[in-house]
Structure formats: C-alpha cells, structure tokens
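Read through the structures below before going on.
What follows is chain A paired twice: with chain B in the first complex and chain C in the second.
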Partner chain A sequence: MNWPGKGLAKGLAVTFRQMTRRSVTAHYPDALPELPPRTRGVIALIEENCTSCMLCARECPAWCIYIDSHKDVIPATTEGGKDKTRNVLDRFAIDFSLCMYCSICVEACPFDALHWSPEFEYAELDIRELTHEKDRLRDWMWTVPAPVALDPGAEEAKEIGVAEKAAERAAAAQRVVEPVETTTGDLDKLDQPKEGDT
Partner chain B sequence: MSETLETVLRLAGVLVAFLLVPLLVGQVEHKAMAHMQGRVGPMYAGAFHGWAQLVADGVKFVQKEDVVPAAADRMVFKIAPAVALVPYLVAMLVIPIGPGLVGQDLDVGLFFVIAVMGVGVVGSLMGGWSSANKFSLLGGIRVAAQLMAYELPFVLAAASVAMAAGTLSLTGIVEAWNPWWLLWQAIAAVVFFVSGLAEVQRPPFDMPVADAEIVFGPYTEYGGLRFALFILAEYAGIVVLSALTAVLFLGGWRGPFEDQLGWLWTLLKTMAVAFVVIWVRVAYPRLREDQLQRLAWQGLVPLALLQLAITAVGAVMTA
Partner chain C sequence: MTDVAADGREHVVVGIGDGAAGFGGHERGGGTPGGLATQDMVLNIGPQHPATHGVLRLKLTLDGERIVDCDPVVGYMHRGVEKLFEVRDYRQIIVLANRHDWLSAFSSELGVVLAVERMLGMEVPTRAVWLRTMLAELNRVLNHLMFLGSYPIELGAITPMFYAFRERETLQAVMEEISGGRMHYMFNRVGGLKEDIPAGWVDRADDAARAVRSRMPQIEDLIFGNEIFQARTRGVGVLSRELIDAYGVSGPIARASGVDFDLRRDDPYLAYQELVDDGVMQVITQEEGDCYARFGMLLDQVQVSLDIVEACVDRLRSLDRGPINVRLPKILKAPEGATYAWTENPLGINGYYLVSRGEKTPWRMKLRSASFNNIAVLPEVLTGCVVADMVAVLGSMFFVVGDIDK
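And now, the complex of A and B:
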C-alpha cells in the first residue's frame, strides 16, 4: 500500500530501529580488537632458523630488509678432513616505514624464519625508529599464533603430500620384499625397487 | 521590594534555562545521532559516556584566537553572533512553563515570539554579508531566501491556533487547549514544525550552511567564541521552536497532575519535540535550494491556508 509520506516515515523508522540496536563501534584502546587469523601486523623472525641466505632481502620489492652476515669456519673434526663454514647473522633489520606488508619475504624464506605476527602497536613518533633490529623481531616471534586449521576441502600442504608418497613407496617395497623374507634394514627396503629399475 | 525580587528570580531562571537546556539538547543530539548511526558518540569527556563533551568544546572555543578577516566589515561582523543569539533569549522570556511560571506574560506573546525569532535570522544574514567571503555571502542570501519562504506558513500556522483559542497570549492558548485540538490543528502543527525547522536552519533545511557546497555558509569566517555563540544560537533556536510547538500544539503544561507537575510536562514535551528535530536530521538528506522553495510555496502555504479554513469552520461551529 502506498500513502503520502510513507517514504519519510520509513526513514524515521530505520533510524529509530538503528538507535535501539547495539552500536558497532570498536572500543579500541579500551578493548583490543579481534583480529582475523593470518593478520599481517608485523614480521617476526626466528633468528635460529635464518641462514642469512638473503633470499628475503632480494625478493623484497621495497628493499627494506637489511642483512649483514659473516662466515665462521668450523675446523674439521677428522684428521685431514675439510674445514666447514657456517653463516652467522650479524644484523637483520626491517624498515617498517618502507615495508608494504606484501608478505613476499615471508613466502620467499625457504627456512620458515619469517612469520606474521598480529601485533600492531608499534607506532613511533620518529620515522627512523621504525627500523626494527633482529632482537625486536625475535621478540615478536612469541606473539605469532599457531597456524590456523585449513578450510574444509582445501588442498593439503605440499609437505604432507611428499610424506604420504614416501610412506606409500615404503609400503610397496615391503610387499615386494616380504616373500623373500630377508631381514635387511628399513633403508635397504626403500632402496630395493630403485635398484630393480636400473 | 518583593516584586523586584520576583522579577530578578524569573529573569535568573530564564537565563539559567537559556544556558542549560540548549546544552542538554546538544548532548542529546551527540548521543542520539551517534546511536542512530551505529556509533557511540563522545565517550571520554567527563568520564561517564562523555557527558561533559560540550563543556570541553566550550573551553576549546574560548581558548581560540578571535580572528576578523581583513576585508570584513568589522562592526557588523563582531555583533552578528549577538544579534543571532539574543532574540532566542528574549523569546524564552515569554514562553510559559507552567501556570504562572513564565518570565513575562505578554498579551501578544505569540506575536512577539514570532517577530523576535525572525530577528535571530538577521544575525546570520549580517554574518554572511560582513565576512567579505563569497561562500558566506551565498549562505547569507540563502538564509534570507529561506526566511522569506518560511515566515509565511510559520505565521499562518500560528495564527490558526490563535484563532482557535481566541487569544494571542501563550498562557491563554494553553488554557484554552483541548486534547481534540491534536486532530483539529494537526496540519498546523506539522506546518509550524517544518517551517520552524527551516527557520532555525536545521537539517534537512540546512542549505545556508551546506558544508559540501559553501563551506559553512555565513559562519565560514567565524572562529572561537563568536562561532560558539552562533552554534549556541542554533541550539537555543531548537529549544525555542520545540517549546513553542509544545505550548501551541501539544498543550504545554496540560496533563495529569498539571497543578503540581505542569512544568515537568512542558519540559518533557519540549524535549520530545527536540528529539524529533534531531531524529529528522539523521533520517533525511538535505533539500536543494529550489526544492526548499517549492516545498514552502507549493506545499506549506496552501496547507496552512487550508488549516485556517478548517479552524475558522471549527471556531464558528463550536462558538
């Protein structure tokens, strides 16, 4: 039914109904926000995992990751053996005034040394203080949440596929080997089908 | 002696009401508008739900520098806020709160209030003209055009009540008021309220200050205390309009226990109308200048005339 002023009355009704509902304001400093999983708040670094391979620094489109490292020599343990070298991380810093939170570094790291933390309260009054060194980045690691469960029906992680294939192969080898009943080590069983192929 | 004392008391009461009630309306506007938009409004000033927000605003305004544009007409520019504000104070003087509870009972109270409310608009006009700013000037001209368009239905609607009551005294009108007037004078009430909204330049009739088009209209060049006075005048205007609507059309202090609680009834009705003023602001978009003129001349004036005819017929039949 249409009557004059219906639209006007409707407008009043909508605003009045809204007034009786709870407001949606986030009371931020009084109440912390509920952030979604995988929030990109700040980049945390597990120093122990980092090999100073520089992949992250090279992939970063903003060139805001600074890495200094040197090589330590580990003397050979056996007589006449070769000395080994090891990378030692001297400096790892991210300039968050340049970072665009693209997550390319986190994805590029082959050693899972970089992670996103939901922590976001690190504003500074001076732009130069936004370059955070590895100690601070390491501290943020404690705020990284456990990975969230995959969505139902999502593709499984690559690592799981690789492990499953290995297990299948091992089982197949077992079946081939069983009738012979030679008790060799597990590793040998794994190798056997390969030897047969060649 | 006691007569002088009584006058002083009445004047003091009106002054206190003049300073407090607009603040109350302003605070209600802050909060009601916020909740209508799904926000919470001021929360910090005064610790409890931001009740002291307007006090804090006032302190801020006082601290600001008093700037007068170089090309401005200094005298006019400086007295404009006072011209905008004082008429509402004077209007409040004659609006009755309860039986005998009135600053000064005038025989021609209705006539006086409407005349004085028109003067308040001149303040905006003066501000717009003297600022030497094109936006201010445009705003001032819009104020004038709006005043021309809305004064007529405003007066006609008020005249209808005066005709029904057979008196121009506000106290007399309330005394003559009857609940069935709510129906009889319904059109006049709506016309009066709408044209009153336009007169105090409240949304949806706030094109004189349309901030998306002309910055802040006549008040563009104002800052600090003078600006605060203009804002106070706006809220005092809401109070006067709401109180007048309550007194003329909603029966003022009439209600249960009117002998003891009359003043409370008037205040409640005034606040209810003031709430509608705020409500309308949130619900409707601003009208365009030509739409406003069309609404006034083609909508409200004929309606007011129709109401006058209805009132005349009713008055003759009941007399």
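And now, the complex of A and C:
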C-alpha cells in the first residue's frame, strides 16, 4: 500500500529508532581518539641514529626537511694513524606546515632515525612554530608506538632472518670455543662473526 | 494551468510572473503579457558556494527562473599536477596522485603504479593484488557514502549525512589501521603495497564491511522513499546516452543512463577478472538517467563493492604465505616508451598516460580524470532547468573539484 507521506514516515522511523541507541559521537577533547600505531601524526627523530646523510631531505617531495651538519675530526688514536672524520648534526628541522605526511622520509632513512607517531595535537597560532627543531622532534620519539605484529600470511621480516642467522653463528662460535672435538680450521673461519653483524 | 509533458505526466504551473519563460505558452524573453521586455540575467554561482562543494564557479544566464545557458568556470584549484609529475620520481608521484581526487585516493594511486608496473613488466605478488582490490573497493564505498550523505544535504535533508559518516568512520578506522592515513593513504608502491597487513586486520575489516552492510538499509529508508526527495530528483536533469558518448561521461553517472560500461569488467585489472568469472563483480545499470537514478546507483554500487570486499577477505585468508611487494632498486627508472593505464575510479574512468624516456621521472604524465568530463556535460543538462533544480543536477553529477582542476 502506498499512502502519501509513507516514505517520510519510514525515514522518521529510522531516526526514532536511532534515538534510543547510544550515540557514536566521541567528544574530543574530553574523549581522546584511539589511534592505530601506523597513524601518521607527527614525525619523530632519533638524533643519535642520524648520520646527516641528507637522503630524507632529498627524497622529500615538499622539501620541508632542513639539515645542517659539519664534519668533526677525531684525531688518530695510534701514532702515525689516520685522522677520522665524523658527521655532526647541527640542525634537523621539519616544517610541518609544508609536510604532506607521505612517509617517504621515514621510508628513505637507512638508519631508522625517523619514525611516525600518532600524536596530532601540535596546532599552533603562529605558522613559524610548526617548524619543529631537532630537540622537539626528539621528544616526539617518546610517543612512538611499537610496530604492529603482522598477519600470519605475511612474509617474515628480513630483520628476523638476519637476526636468526646471527644468533646461529654466535651459537656455533660458542660451540667452537668450548668443546674441541669438532673444531676444524674451515669452521673456525666460517663462524667468525663479521664486523658489522648484529 | 496544466501542461502535459512529453512523458505524459501533467505538470502544474502555479504562479506566472515576469520570468515564466519556457513554461507553457510563454516564449523565452517574451516578457510580461503587458508587453514589457525582459532581460536575461547573468547569475554568478561560486566559486565559494556551499552547494558546489569546492571552488567550482558557474555562470548562469537566466531568463527568469529558467536557465538558458550555463558556463562552468574551472581552474580555481588548478595545481599544475601534470607538470609536477614531471619533476617527481615514481614514489613521489603517488603522493600527488592521491590528492587530485581526495575521495578516491587509493584508486588514483593505483593507476600510477599500474602504469609503471606495466612499463617495467613487473609481476605483483598475489597477496598484494587481492589486498589492492579489497582496498580499492573499500575506497569506493567510502567515496559513495560521502555522496550518499552530501547529496541529500544539498537538497535540504541533513540527517542522512550523519548515518553516512558513521559508516565512513567505521571503514576509515580500518583503512587507517592498515595504511596510517584517513584520506591520503599513500599505501601503494610500485610492485605492491607499502607494508604488510597487521595481525587481525582482515577480521576487523570483514567485521567493518559487515557492519556497514547491515546498516545500509537505514540510509535507504531515510532518503530513498522520501516524497520530497523524489519530487526534487525524479525526472530532473536527465542525461541522454548521446550526451554521455559525446562528452565521455563515465562511472556511476553513465551507468545510471543505461551505459553498460565498467572497466572492472571490460578491461579487467587487479583481480577483477576472477571476480567477474565468479559472479561477485556485477555491473549495475539503470535506465532513467535522472538525478534519482544517479543517486540510486551509489547505493547499488556500495552493495556490489561490499560483496567484492567479502570475496577478497575470503581469498586473503586462504592465500599462501608470501610477500606484499617486490623489492625495488634504489633508483627506479621506467624504460623508454609509453603506456596508458586506466582504472574504474569511484567517480568514473581515471587514466594516466605515461611517457618515459628512461629517466627516474616521467617525461610526461597525462591525467584523465573522471570529474572533468562529468562536469563538462553540465551545461547541456542544466540548460532548460529552473534555478531550483540547478543544485539537484549539479550535486548528482558527483564530482570533486580537485579532480576537475587537477
């Protein structure tokens, strides 16, 4: 049966039914949102990891990362040895008024110095304040969540494979040192952990 | 007075004033019965007009209430994206590609990576293909929900927006969990996707899709049967097949006029071929071609997309362990040549014509966006309408201004 106003009444019925249900609106800032760990809120910097290689600044599509650095000379520790140089980071700043939150710098960093944090409450009245210098970026680091566990269908992270191999090597090296039965010259060489392995 | 229209229905015209041109018996510019000549008026709508959701400007030439000419002025949001593509490497292009149509970010990213992958002859891992399909469909649902909420608002019905946004929020939570973004996902990479699926995400996505499906009847009941809504949309702004062919209109708008064309079936990419063979992916068309049919298409397409999402969830659960992307060289260069990749974006055909000279940036990347063609046909549809119908027609063309202006 089709009586006039039927569609309207049907719509109102939905509204009335909904009125009896609990509201889904979250009252920010009284209720803070629960954000997933991957949320791109703000970029945090581990200054200690940064080698000022400039990869992030070059890859950034908005050119919003500013890096200044200089080389420090570490005098040779042995007589007649070579002096070593080391990059020292003077300035690392991200201008969040330009940033497009694309995550390319975090991906490009070969030393895991940049990380995403879900924090988002850093609005400012003055646009210049949106340029976060390195100490402020370092502070965001405390809010960075641990990466999420992956789906069972996911391929193992390559770090796990590397770590397992390193652990095996370390275990083998220990076996080599303690019992003498199986020690051969070849094994000895193979099991030496190489420099740089972790 | 009554006037019998071509479709046999009687139109009642109440009140005849100076601007009654076009109504029964009144010629354009005929003036008042007393013999006073009337003048056409140019009415400027926009660029800042709430009903244009963006900065689209329309110059309407009016004869009384009747629109005799419409001139869409586009370009207020022109960002020169094609030129910017030329100085960005392929990963940086994805950042820009998901911004021209901010409601179909994932689908727009997809076109770029599909083009580059085709140039490289790259094989994408199966899990990535199915996950991409699923996310593209979730993105389609998000897009359609936006218009299912915003179109009634333009016609004065506020309530459906809240229901549509609740559903959007449900799905956005899932999208945010996997990609980290709510609108600009930036989750596609050449050769696959950025990161693997978080543990338990597939179940949560499945729950979200089911929850949305279970609540879609609410949106349907709220607005589709509404007499006021129907009176304002049925038979208004009918788009003919000839106009669709002439202007290259695509997507749900074209299918609402009976054009049976959907790239997901007609030029399958991702996993769509299999979904079509399984009968999950269906192309829905309607015949009327009016505002109501266009709006109805959205609801039907949401149902189909949710079916596809469910099929993808089943598939992702049963797939073998494997990678989600291909390891890329440090510097990615597309080989010399050209290709055209097009995808069925939520709003219509989105195409990228990529010309590479073997550099790490494209030599030229032409963007064919759906909204541009869909809005180009607007003058043809609007001519002859009354001003009150302008918003109904404009809103039902489903466009994003960023997608028009690029």
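We take it that the second predicted complex is superposed on the first by the 154 of 198 C-alpha atoms of A that agree within 3 Å, B and C clash if a C-alpha of one lies under 4 Å from a C-alpha of the other, contacts with A are read in each partner's own complex, and residues count from 1 in each chain.
Operating definition for what follows: contacts are C-beta pairs under 8 Å (C-beta built on N, C-alpha and C of every residue); 3 or more make two chains touch, one makes a residue touch a chain.
For clarity, every value in this text was computed on a predicted model and none was experimentally measured.
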Partner chain in contact with A:3 - chain B first, chain C second, else both or neither: neither
Touch count on chain A, higher of chain B and chain C: C
Which of chain B and chain C A:142 touches, first, second, both or neither: neither
Which of chain B and chain C A:28 touches, first, second, both or neither: neither
Contacts of A:36 with chain B and chain C, given as first, second, both or neither: second
First (chain B), second (chain C), both or neither touched by A:15: both
Chain A positions touched by chain B in one structure and by chain C in the second: 8, 11, 14-15, 18, 24
Touching residues (chain side chain B, partner chain A) in the complex: 32, 34-40, 43, 279-280, 282-284
Touching residues (chain side chain A, partner chain B) in the complex: 8, 11-12, 14-16, 18-19, 21, 23-25, 27
Chain A to chain C touching residues, read off their complex: 4-8, 10-11, 13-15, 18, 24, 35-36, 38-40, 59, 61, 100-104, 107, 116, 148-155
Contact set on chain C toward chain A in their complex: 88, 91-92, 94-96, 127, 159, 163, 166, 169, 173, 176-181, 184, 186, 194-202, 218, 221-230, 316-317, 319-324
